[in-house]
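Input: structures, listed below.
Look at the two complexes coming up: chain A is in both, with chain B in one and chain C in the other.
Entry: the complex of A and B
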């Protein structure tokens, strides 16, 4: 048997960089980049943080963390643990007014960013 | 309305709502991560008083109380030999020296109260020394002795003018400047 000949029709090895360029960034990614570059993401985060502190949400989360730490012991706690502890309650207990305000801000940004 | 345009409109709105929800969730997750990180730091550094430490503090305070009860002291007279919770002893008479804010002399802390009596005037004896606003002091005197004797009647209650001049406190006296009575 003769040794195999490389196929002349073999497609070129996809370059890693090239491959990435070929993929169209999703609308989500585009908007995310716009959010970050314009500084709006940081502002939105500050606004959200401020509102959540005002309404006591942050204190609630810290109390949950404290309770968990007490049970598990100071040295055995990881950041991951705490994230998992507070995420469900955290997501559910954002006041409607806070959520509405943030959503409104985001939507108006979307409106201006996509025109 | 053109069906296509309306369809696009609906899709557009849905997309917008979906996107904004997504980004809100993003921001919220970010805030949650921050809180978790901070709580983790507090937990690991022991900056928060959690149950174990409360129990330990209770134990330590019970120990201190026992130590105090044990020693054969009778209050101030033996205060030299009593140790406080930080392990320090204190002399019976405070020996720190500072400057009297009224007359500027160097006074020993333990002798400050009797000094103030003389320094600020008990009444007719030991009249006011020259103060920063001596005119104000003169005005006070010119207003007549009734008010001043009333205010100074009890030198030990210098700082506790509960029935005394409204709005005037011990601190204002020491500045030598008086508000309107």
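Entry: the complex of A and C
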């Protein structure tokens, strides 16, 4: 666990996860990795981003963040504070239609990936 | 090392957030090298995508503590590259890593968000910004570009401090002796603000009258002529009697603001304009927008001849027309194959916008709340998509949206040296003092060989924030939150104040393509007036909102005086 001073400037190198190798990944993890590797996750993210902008969700969140920042004073707010305060509201206000569309996309991806 | 930190606060006149003590320490100890070392790990997903941090292109970053790869916020330590998740207040392995006894004294507080390539301080729990880091990210975005970044160039900015002026005794005497005060009693006669005077129709010249009415009440233009900056007598004695549209403007301004309310005939001006634009000289109906462009051009041309100095039009220091109306458009064309972006800047005197097509058909069914706040430009967009009403913001949004050029419009990529499919995006580099939006209501279909007028309603706000359409905003959404002034873009475009605009004139068109009538609505002292050739009448703002806007004139908010009752008399 001892860190050498010289290690500070070295470029990041891959860490080898010894513990992880002999553990069975969960189904959720497998799906997640499949999504990432195929690039589908990136496409889903892009789609989600687009939908949330279209339906006004992003502007709503922006307004909430602004209101919170104004209330607390702009120098007393951190990103963590904002994430903590806004996340529950944000999750709750994602339109069902957006969730349904995303779910449908993931389903069809899994369908095509397994066959 | 404090000097380095101080250096950070104000660069190019832009104020940057002060680095947190941890980032300052980190920089003091390691300098900017770790940021540049990260360069190899920066991956920008296919052209136009976001920057992310991956040691290997196919790496799936996962928290080394809990092994979870699906967490939304995953950070890599800047000192040792340990990847940790961060989900306070439940758990933060990133904060735990920064605080672990082995690490605590070795700058492990600063981490980088692997999906956004943005810096984060795990102790402060806040986003932090570093110029060198951001420079590295932007470089990764534009890597391979033939044009290297030249941040040094951006330093040459000159700003002149505002000095208030109060006339001294001598200047005051000169003013009193040479001024003929406008008759103050004239305003009480009909309660119309000064400068409202009908213009006689000289034979299908409503296209001209409507634009002139808007120009007479364009604050910077009005102030210019009323403060005698272009004196027609002086101009003529100096240059001889010859065609000068600015002289005619000056004469018209004098006539319109004289206090006389009987309709005025701008015959002399019409004649001069006919001489300038011979191809449009007839008693036929003309396009108001075409007239607007042509007359600005006429004022500009004259000054150009006078000075014989090549001026950069976009800089707006050539003539009054361009000083008031000209802005600079930025257009980026990105090659879809290699990501090389070529950027061009073009001056413009107005923004010609397409009406959104097939409105209503693309209605979104999302559970959206309709909010009617006045200043949220996005709210309007939202409502536009919901009720199927076109809005000015919607048009501007389309205008600045990245547009994929089809395979039939391939663009020559300087890097690939062949024609490639590309992505084009427009944005506004420099806003004019007065923005004129021209709505393309006259459609020409080359396929059917016919033209038609689009009569669709367009909603336009009385206050407009142009910030989302500025190059700085467009670039920010492309590169993420950076403090690096991108690619020759000056940071002063970020100025909040100057992006807010107020509507002061609307030119409307009723009728068909070949026969119709132009009417202007003017907003003076926050009251609306209808200028229909010789007739002036006060109208309710709802009438204006319901009108079919063809040209909308907005002035920068700081030049618009809502409350100033008698702009001239005071």
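Please note the rule applied: the second predicted complex is superposed on the first by the 94 of 115 C-alpha atoms of A that agree within 3 Å, B and C clash if a C-alpha of one lies under 4 Å from a C-alpha of the other, contacts with A are read in each partner's own complex, and residues count from 1 in each chain.
Quick note on the criterion: a contact is a pair of C-beta atoms (placed from the backbone, for glycine too) under 8 Å apart; a residue touches a chain by one contact, two chains touch by 3 or more.
None of the values given here were measured: they were computed from a predicted structure.
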Contacts of A:79 with chain B and chain C, given as first, second, both or neither: both
Partner chain in contact with A:36 - chain B first, chain C second, else both or neither: second
Which superposed partner A:70 touches (first chain B, second chain C, both, neither): first
Contacts of A:28 with chain B and chain C, given as first, second, both or neither: both
Touching partner for A:97 - first (chain B), second (chain C), both, neither: second
Partner chain(s) touched by A:55 [first = chain B, second = chain C, both, neither]: second
Which superposed partner A:44 touches (first chain B, second chain C, both, neither): first
Common interface residues of chain A - those touching chain B in one complex and chain C in the other: 28, 32, 58, 78-79, 83
Parts of chain A lying in touch with chain C, wherever the complex brings them together: 1-3, 5, 7-15, 17, 19-20, 23, 28-29, 32-33, 36-37, 42, 51, 54-56, 58-60, 63, 78-81, 83-84, 95-98
Chain A contact footprint on chain B (complex, rising order): 15-17, 19-25, 27-40, 43-44, 46, 48, 50-52
Complex interface listing, chain A residues touching chain B: 27-28, 31-32, 35, 41, 44-45, 48-49, 52, 58, 61-62, 65-66, 69-70, 74-75, 77-79, 82-83, 85-87, 90-91, 94, 99, 102-103, 106-107, 110-111
Sites on chain C touched by chain A in the complex: 29-30, 33-34, 37-38, 40-41, 45, 49, 55-56, 58-60, 62, 64, 67, 69-70, 73, 76, 79-83, 88-89, 102-103, 106-107, 120, 124-127, 364-369, 371, 376, 378-379, 382, 385
